Amino acid sequence: MAPKFEKAKAIEKEHVVVDGIDVSGHWNRMFEQRVITEYTPELIEKIADLPNAESFANCYQCAKCVAVCPVDVVGNYGPRKLYRYAQTGMDLTEAPELWLCTTCANCLRVCPKEVNMVKIMPAVREQAILEGKFVPAELQQAFENTAKSGNPLGQPQRKRDAWIQNAGVPIPIIKDLGRPVDVLWYVGSYPSYHPRGIDAASAAARIFTALGIDFAILGKEEKDDADSQRLAGEKGLFEMMTEYNIETFNKYEWKELVVTGPHELNAFKNVYPKYGFERPVVHYTTFLARYLDQLKPLLKHPVNKKITYHDPCYLGRHNGEYEAPRKLLEAIPGVELVEMGRNRENGYCCGGGGGGMWMDSFTAKHTTMRLSEKRAMEAASTGANVLAVACPFEVSRFEDAVKSTGNEHVGVLDILELLDKSMRGE
Amino acid sequence: MSNDVFVITEHMDGKFSDVSFEMVGKAKELTSAWGGQAVAVVVGGGAASNIFASDATIHVDDAALSQFNPEAYGKVIEALVKEKSPRLVMFGWTAMGMDIAAWLSARTGKPCVAYARDLCIENNALIVNSQVYGGKMIAEVAPEGDMVIVACLAGSFAVEAGQGSTAATQIASPVALVGLKTKFVEAIKPAGGDVDITAQAKLVSIGRGIGSKDNVELAEELAQKLGATVSSSRPVVDAGWLPRTRQVGKSGLKVKPKLYLMLGISGAPEHLEGMKSAELIIAVNTDKKAPIFNVAHYGATADLFEVAEAMLELL
Amino acid sequence: MNIVVAIKHIPSIADDLPVKGNNVDFDSVDFVLNEFDEQSIEQAVLVKEAVGGTVTVVGVDVIGELDNVLHLALAKGADKAVKITGDDPAADSHQQAKWLAEAIKGLSPNIVFAGVQASNDLDGQIGPMIAAYLDMPYIGGVSSVEVSDHTATVNKEFAGGFGAKYSVSLPMVVGVQAASKPPRYAPISKVRQVAQMATIEKVAPSGGVSSGLSFKKMAPPVVTGHAEMIGGSSKEVAAKIVELLKSKGLA
């Protein structure tokens, strides 16, 4: 739609009488309410009319969001700008801008009008998908993989637990165990299939075992949480996976669900209740922080590293867990923990959320630098030689980013791997 | 029934494809055991057909055969094999052969083996090796009956064994080519390349091993000769030797070309993520333990400059 | 315009294939839609959108799980789905093509689409066979189709970017290499809606035919997980690469 531009005319008069009253003032005083004729409200209404996207219309253009938007740092973005673009003719359902938001929620944190991109983006994306509008091909692939194979990587379901063979400790499958357990550990897709994710999963298994935790995994019955697919607009896919997962979780007796990934935490804790699943769910950092007293004596080997920790958006801002990961890192002997400028509530996004994990090629065409690269540079600038993470999306993202920004000297390790290193020595 | 082997050759713009020669060579090998004749069948004019090492060459020409037309070519070949009853009819598993081999099988009720990569004779019976399931399986099958149709993967046999100078017998079409439903309209030529590497059918991809910006030119030259585009792994782009638009991999673009020729790329997982679904991956690297060799279809531990220069001379 | 798409449900090659006896162990593999059929379904829907008509997708239900595939096709724009209750995972292309041809005959198609090939086409592809059984012309390797009146204009791809344009009087069978546009995405909500509403017509297999092949052995190739190494001097390596490229029409 072409923007309807008709510039408001300034009213510049020395003497003005309105309804018999002399309201003359300085010559450039504005005498009437500015008539907004150069904008079209239709495209804003089109978005705000969608269920869950209503708050899009709340924006009053204060631009607080732009200052904290991670995408704006490497491009030209932010909720305020999206509103303005819509005002001047951009149909968000058809624009590349629709796919750049990572739903990191930093804008929502500062927005005085509660414009909620975490709800708006999935709603508009869903609309675009339903209308058959442009959807990045890589993202479609991830959707199709999830629908067909139960994970976005497109790996075979029957190999979901193949990794346990090399974990070094026996990992019980709940179905084979045939008894209730304290902890049902939801491993997640990347820790089950991605080589670096498997490293973290294996480390977790060794830590749980060393702590004597009574745990089991779902093995071949485990399927992706699909929360990021939901945020990327595929609500139907999310619901399909949710129905399956809830049924699977409820098949077995367990006290607590421990997840490796923050996105899974978000799905099971914040979204599944709408689908009737309300049971205790914790991220592994929160869970292990409870065992600090038992854990500390096991951390025998010093890890003499200067470490900076990246707050995952879905662990921090979305779920309020900032301290447990830091406590775990500080428990490791030899570790010097340093903070990046943007940390905790203002942590910078890795670019993997909201489906960004599967849109790297697409995003690259619309930004000057990857978010993960920006963050890797920030990590390196602290002088740290390890960037510690707590989200399975991040190891592969940051490992690539430290290389592409010439910061190979910064190692990228999951907190699980660091704990495991300290437990077992190199 | 005879013990002859018919090789359905293919040509375009006056040139026979290598698979034609490959099959003639194989046909000779088979007939030397069976005692029949290896017959090269050339359909359509515009190509000098006396260049095969066959025992005989039949060249069918007709105005309706001047361009490849699956319907017309199919009818001619059907009439020919029904008349001559060869023991084996060989097609290439190519754009042309794929249109006719299975069709002929259904028309004649004779068995067909596709994706064939080898044929041999055991106890006077034909055994065909077929590379199915995307190369994940090799099937060994024995086709029954007095005539067998195979469609051979290009590159399965040596080209040289099929090259020769057997004179061709020119014949008219054995079947009237009237009332054809399929009409050739025009030829389509390849379009010029551009720099969207995701849209390229062929990529020559360079890695850290290229060494310096000046050396990129060698890759450009090679790519030009192959009708390919130069892409790269991350270090090359980071070094500023190529623009970011050429980068393949996790932090670059995902590509799925027909050919991915890799020079000096070791194959970090990040790079593999961007190219592992390429149809044909050939890697040249000096490190024989480079992980790329676990992913590439063909590999060579060699100096990329020497290989690239030698390739330029051959192309 | 009666548009028919003949599809194949085949073992997935995403994972290693287990062997049982002289064939694939069909009980231990996932079955998926042949990837070229995704293209031919898209091409069929594009033709329907251009000239009107109905798209009927027909496939042999070899393992009893074809419904999912058909629902997806319906969600992507097909109008009717037919499954032939073949129930034999080892049914070869000849057998499937015969069953399909018998089922398609009754649909009086103007144009039939099939994937140009499938990874399990050991005895050839179903497209040209259906054409033979129905006595229609066939062109494979097709990457665009336009239909007007009783004629289809198709572009066929040869190697290396060369191709040819043909016009064919209908009916015909088209072997699709790639649709003129990338296959559309069907949102899962739509697929699930279709799954609840749609009826899939069941047809008993009719007509028997044999491929005439007897399996002696089926096994993974000896060299797996590693490139086939080209040995020799740099010049020899170069020569072999050039030869390889030429043999595949890539040089």
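Brief remarks follow.
Just so it is clear, A, B and C label the chains in written order, and each chain counts residues from 1 on its own.
The working rule: a residue touches a chain if its C-beta (ideal position, glycine included) is under 8 Å from a C-beta of that chain, and two chains touch if they have at least 3 such contacts.
Keep in mind it's a predicted model, so treat the numbers as computed, not measured.
Distance from per-chain Cα centroids to the pooled protein Cα centroid is smallest for C. Counting contacting C-beta pairs between every two chains, the top pair is B-C. Relative to chain B, the chain whose mean Cα position lies farthest away is A. Distance between chain centres (mean CA atoms), chain B to chain C: 21 Å. Chain A and chain B have CA centres that are 46 Å apart.
The geometric centre of chain A is 39 Å away from that of chain C, both derived from CA atoms. Multi-chain contact residues of chain C, defined as those touching 2 or more other chains: none present.
For chain B, residues touching at least two other chains: there are none. In the complex of the two chains, the chain B residues touching chain C come out as 12, 17-19, 22, 67-71, 74, 94-96, 98-107, 109-115, 127, 130-145, 149, 151, 154-155, 159, 180-191, 201-202, 225-227, 258-259, 261, 280-284, 292-303, 306-311, 313-315. Only residues 126, 129-130, 132, 135, 137, 140, 143-144, 147-149, 154-159, 234-237, 239-240 of chain A touch chain C when the two sit together in their complex. Remark: chain C residues 12, 14-15, 30, 32, 182, 184-185, 187-192 touch chain A in the complex. Remark: chain C residues 11, 13, 16-17, 19, 24, 93-94, 97, 116-117, 119-125, 127-129, 131-133, 137-141, 153, 155-169, 172, 175, 209, 211-221, 225-231, 233-235, 237-251 touch chain B in the complex. Note for the complex: chain B touches chain A at residues 198, 234, 238, 244, 249-254, 269-270.
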